[in-house]
Amino acid sequence: MRVSTPKTATAALILSVNNVEVVYDHVILVLKGVSLDVPSGGIVALLGANGAGKTTTLKAVSNLLHAERGEVTKGSILFDGVEVQSLTPNEVVRRGCIQVMEGRRAFAHLTLEENLLTGAFTRKDGKSAIAQDLERVYAYFPRLKERRASTAGYTSGGEQQMCVIGRALMARPKMILLDEPSMGLAPQIVEEIFEIVKNLNAREGVSFLLAEQNTNMALRYASHGFILENGRVVMDGEARALAANEDVKEFYLGVAGDKRKSFRDVKHYKRRKRWLA
Amino acid sequence: MSGVLYSLVALGFVLIFKASGVFNFAQGAMVLLAGLALVRALDLLVAHGVPFWAAIVLGIGFGAAIMAATAWLIERFVIGPLVNQDGLTLFMSTIGVTFVLEGAAEMIFGSDVYPLRLFPTDAWFVFEDLFPGGILVNKLDVWGALIAGILVAGLAIFFQRTKTGRALRAVADDHLAAHSVGIPISWIWFVVWLVAGLVALVAATVWGTKLGVQFSITFLALKALPVLIIGGLTSIPGAIVGGLVVGAGEKIAEVYLGPSIGGGIEYWFPYVLALAVLLVRPQGLFGERIIERI
Amino acid sequence: QNEQFIPILSYRTGPYAVNGAPFANGMADYYNLVNERDGGINGVKLLVEECETAYATDKGVECYERLKSKGPTGAAFFNPLSTGITFALTEKTAADKIPIVTMGYGRADSKNGAVFPYNFPLLGTYWSAADIAIQHVAKELGGFDKLKGRKISLLYHDSPYGKEPIPMLQVLSQKYGFEFTPIPVTHPGVEQKSQWLAIRQNRPDYVLVWGWGVMNSTAIKEAASVAYPRDKMLGVWWSGAEPDVTPAGDQAAGYKALMLQHGAGRFPVHADIEKYVYAKGKGLSEPGKIGEVLYNRGMVNAMLGVEAIRKAQEKFGKKPLTGEQIRWGLENLILTDARIKELGFEGMMKPVSISCADHEGARYGRVQQWDGKGWKVISDWYTADESLIEPLVADVSAKYAAEKKIKPRDCAKET
Amino acid sequence: MLYRETGQFKSNYAEDMAIFPIRQDGIALGVLLAVAFIGVPLLATLHVWPFGTDYLLWAILLPFLILALAAIGTNILVGYCGQISLGSGAFMAIGAYSAYKLATGVHIPLAWLGIAITIPPLPVLASILLGGLAAAGFGIAFGIPSLRIKGLYLAVATLAAQFFFDWVFLRVPWFTNYAPSGSVNAPELNFFGVIVQTPIQRYLLCLTFVTVIAIMAKNLVRGNLGRQWMAIRDMDIAAELIGIRPLYAKLTAFAASSFIVGVAGALWAFVYLGSWEPLAFSIDRSLDLLFMVIIGGLGSIMGSFVGAAFVLIVPVMLNLIPAELGVPLSTQTITHLQFIIFGSLICYLLIKEPRGFARLISIGKEKLRLWPFPY
Amino acid sequence: MRAPDTSEILLQVEGVSLAFGGVKALREVSFNIKKGEIRAIIGPNGAGKTSMLNVINGFYHPNHGAITFKGRTRARMQPFEAARGGIARTFQNVALFKGMSALDNIMTGRVLKVRRGVLWQMLRYGPALKEEIEHRHRVEEIIDFLEIEAIRKVPVARLPYGLQKRVELGRALAMEPDLLLLDEPMAGMNLEEKEDMSRFIIDVNNHYGTTIALIEHDMAVVMDLSDRVAVLDHGVKIADGTPDEVKSNQTVIDAYLGVAH
């Protein structure tokens, strides 16, 4: 189902995923032909329920599936015009596409600051530029500066989450794949993160592919949205159009009619809408 | 003192563990391979009338080349494809590598005992008037200690101070996350295995002088384990300290306990010592803390 | 098929490969020689197969099971070249009726053919070796009476192999009044520092070395580092081959070892081997190593087996024989000086005469010394003292018989 | 079509909790057991191929069964409870030597107390089981450090047990009944009057042990205790927070594992080797067991069998092939090649499926169920 | 419908302080949880919320202060003792047993309830089997309740994050606890799933009368579900009261909420 006119074919695409199929462990078919595009300088949100395949899609893009015994069995993924499958994960990063993985995967034995510095591994523009960016990340997340010398493994969940986001920023990428960036963060930090996304996008032209459960936020900041269900894209379109869609409103935004309903009042056996049976 | 010789082998273990979380059982086999390559090249060159010093240089060069090839093969065909697997699987794969290296080394270079003589091996006794027997100091031990000291200093600085060193530690923590920030794991692992291979070459020169280059050198791997564990799997200086502790500990045990319970204690004593140390410090004397948080 | 199957349990890998390989080469080459030169034994070709044991007992057992019924008549006999495997196989071979030939090793009490009908510790057991070693020490000291109050240590491989001589040495120490100290070395023997420190403190007059593989050369090196005189070290015949001394370089000069009759060197039979085997490219050894101690021992071992088969053929016919028949051949094998000369082994060994009561067949030994380049024979022939060994053999084998509920044969009744 | 669960409905939890909820699997197991218990002995008695000689029975099936048993024991500790142990060989040795002592009579003179503990020789079955219990006891003692030491550190620490017991059985003559060579002989295998002697009898004896213990082990690991072990393995902290006592869970795993390994050790010594020395239980044995467990599949009883078969049989095959084909290579080269091939094969398998044959089998089954569709 | 029993205090935290080297994770924190209520703990990242739960169930031992649970005061206890006392919990970084199926994971929650000994389990016959089936029955109820029937036999490592959280809740429920500690149960869920999860929490609270302590960053959820809210910042308790009181507290707004919700 398409909500609005298809994406403008004219805009240069930084990422284009074509009909990708992913199989784990040789038998578990997870993505059943996913196609999506990210225009250069765009912010695209990837929405969908648990298990829809958002994380898998992002891992396919950054070529991390191999390490998890998954493989792309069909379709192609072009980043900046290059077939991702032919690159190693570190070449993908070198070309400017970095992923923030779900689940706060900070390097446990390194300090927070060392964690951030590993993010700059692929950079060749000198120590001072890196130091500058480090300060910038600290400015975004003062809490990290406070705890810079702590071993990451012992910091709180939110601190680790900030750390991995900061780590990705340190790479100065062209494109960031954000997997659930808001998870476990305090509300004002969540706002902060989306502001960062907006800023980087506006000022430096960084493109974003955003897998996010906080649909509200995601659609507010994204230009496009794709809704995944069961390994298939079931709906896509401009963010505003999606936000206005009645189904999306009910199932993803929690607004029935115009008012947000209380979590206490949700019905027990709620009717579930599925676009696919 | 003699424990320090084990440190040379333990060092190779630490390097690889620190950089990839792989517990490399093949280190002993690598010492054998490096030693055989060196000694066979040396023999051949000397036999063809190359002057001894030039033969040594060329022989070491050849050994290094062999270790580089080994490192590349291991990374390419074994460890590389096993990225993101758990430690036990990686450990077992290195035992597989051990078989391959042992078989290949002996097939290519022969399975005899090849004498090697690069360092003086005579001994002298100190403190003989202090207690009966005195302390035996072998010149080889002194050389070994010296070399180990230099290696440790260099490697410790490399790991703590450089960008690559940091990346290595990151890889050991989380392969996948390291991938995701663009650390070229294959390259890094190649480098680390190469360095470990070179350390093995150094160990081979010392141990080859001591035992002759031969299959039994692979048993060093087992003797180096307690050294490694006492020092801490992730600590480079720990390898030296572990060596000293084991060296002193097993001799003291042999002298004071040995006679009363039948000798041969040094066979297991280092392990019991390691066990005791671990009970107090589960990560060894200098190892990184094991993180437990929920 | 007109073939006699002969298995070789060898080890060409692992810590003992250095010693296992030349031995196996010598054996295989000799069998090959018999095929190539004589067309087999009376026309019966020898079919040889090697099985790698890596000196490990369980692998040895597997090899045994695999090879025991190969060939038209099953395996002729087994030469495990490992005391451990010998122990593990002793019972099985008796049940399967296949002789187990342990030339110069194996269990010493198995020389008693009444209790061990299928074991043949040919040419010398460790008890014989121990006795000969002490005879030599006594001779160097100037007589058996000079042994009194002396200290003799035994540095041994801590395995059945190394432990075998201990009971005999204890008997001898009682008899001659020397102080005997056994010092174990753990497999594979690269670690001997503390043993030699103990030796240095205790200052024994003699150190007997009962090592195998790398343990021997390590012992020599450690002796050098504690400045223990090499010429006061006397190795058993398994500690007296080239790989045992060469790794120690100059430090080995002066080191002595028993000879299992033969030493290194080339004899008429070697010429045949070069001519019939190596010239056809069928030899297994590096040509330069033909005639080394262990190679020669492999040959002698193979020769004894071949002659036993020949002997058995006299009785059972010129065809492939069963293990049981060959056992008879072994038990009735007599090699005179003339026959030895005929075979091209003259100078390598003394006559052999095996019987039901005596499965050892001969107990001669000499002593050789390493001069830095080669082995030199430095003594006359010694003969082990039956009167000391026999009671021990009778005692220990009787215990075994009781434990295993074996009813000893009456050798007097055997022909 | 053959492998479908369609039409098999489970009306109660007991059915769903059966070892093989899918009927075809259960049938397969039944057939296997029938072959093992009836078919093999029958063929062996009739000397029908491949049982023309004793080789298959003696040199393959017997060690396979015993090592599979030891692998099950190791798997409980390593695969189910996640405590890496390089000391299984030592526990086999403890089982073997304790059983030996018990079967030949124990006499401990306590001179300073003026008394002596004397146990008359026990029946073989009792000795073997008590040997297992002794191993379990030492297993518990050596398991205590696991409360503090984890992962690979623990693995190396367990080597302490390995080397210590190697040494004890080598140097303490009491254990070998003062045998001068240090090599000891198994007592007569008298089971309630039946003297086990022929390969077929030995095979059936081991098969019985293996079957009974494997079933009990399977019951354990899918029951409450097994879940505790697995919880400790997967995340010990979380396990503790839901009320599992690490002390209890780990030590029971050590005990159960060592018991099984100990019984296997006693069988290995008594039934297979007949005469042995400590080298039969060296570190190499421990490593072999670990290989079996990992190649077979951590946390799978079935896998232990497959792993044992692989580790035992592949080298034998590699050894046989050149002889059969008549490859003109020197024995030396062949042996080295075997090393190389076996090592490569292990690496290849680990890469192909790090979770072992058990996982391959289950993937295979899943594919079979989906067949003819790929996913 | 629901009237929290205000009289009975289930858990009392009294002046608890906790420091790791220089980091003071908790400073003199006191609060209580009443029987039957849903108690939320909120605060910025690194405020000490998780540490508080860790102290309550014995994973961390406070440097000062005491915990009174069901009338018994303890300075330090072992985690499994807490579990025995009836405290169950879920974790911020999902802490499932990765190698086990969802069903087995939930079954581990029953560990403390199993009565038959090891020997019985080994035989798995008669009473042992009967007991196992009983537990399985209870667990199936929970599986039904959480609507995860379809993934029962799937190894949890394969499950997407959201379902893992649900399984984790199932495991905690299987313990039939008196006090259930939930650490960010709804992180990484979309609205529909959050609604489901809320439903479960409320149902658990209503049906079983389980007392719940809840950490959550989604203010809407916290405000809707909880009876009382405690707010931590830098290890200090800065506010405590009903959702409405907390929401309008200026200190809380400055430290945490940012904009008034």
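Note that the chains take the letters A, B, C, D and E in the order they are written out, and that residue 1 is the start of every chain.
What we mean here is this: a contact is a pair of C-beta atoms (placed from the backbone, for glycine too) under 8 Å apart; a residue touches a chain by one contact, two chains touch by 3 or more.
Only a predicted model underlies this, so the values are computations on that prediction, with no experimental measurement involved.
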Shared chain contacts [subunit B and subunit E, defined touch]: A, D
Each chain counted as touching subunit B and subunit C at once: D
Path length in the contact graph (subunit A to subunit D, fewest steps): 1
Separation of subunit A from subunit E, taking each centre as the mean of its C-alpha atoms, in whole Å: 29
Whole-Å gap between the CA centroids of subunit A and subunit B: 43
Inter-chain centre distance, subunit C versus subunit D - centres from mean C-alpha coordinates, in Å: 36
Whole-Å gap separating subunit D and subunit E, where each centre is the average of the chain's CA atoms: 41
Where subunit B touches two or more other chains at once, by residue number: 102-103, 106, 111, 263-264, 267, 294
Overlap residues in subunit C, where contacts from two or more other chains coincide: 12-13, 21, 158, 184, 186
Multi-chain contact sites of subunit D, meaning residues that touch two or more partners: 167, 170-171, 237-238, 241, 332, 335-336, 338-339
Which chain pairs touch, all of them: A-B, A-D, A-E, B-C, B-D, B-E, C-D, D-E
Of subunit A, residues touching subunit E in the complex: 24, 28, 47-52, 55, 102-104, 143, 147, 150, 154-159, 161-162, 180, 183-191, 213-215, 251-254, 260, 262-264, 266, 268, 270, 272
Parts of subunit E lying in touch with subunit D, wherever the complex brings them together: 57, 59, 78-80, 82-84, 88-89, 91, 95-100, 104, 107-112, 114, 116, 118, 121-124, 128-129, 132-133, 136-137, 140, 171-172, 175
Partner subunit D, residues of subunit A touching it in the complex: 23, 25-29
Of all residues in subunit D, those that touch subunit C in their complex: 53-55, 58-59, 63, 167, 170-171, 180-183, 185, 188, 272-277, 279-280, 284, 316, 319-320, 323, 330-332, 335-336, 338-339
Complex interface listing, subunit E residues touching subunit A: 20, 23, 43-47, 50-51, 92-93, 158-163, 184, 187-196, 198-199, 202-203, 217, 219-221, 224-225, 256-259, 261
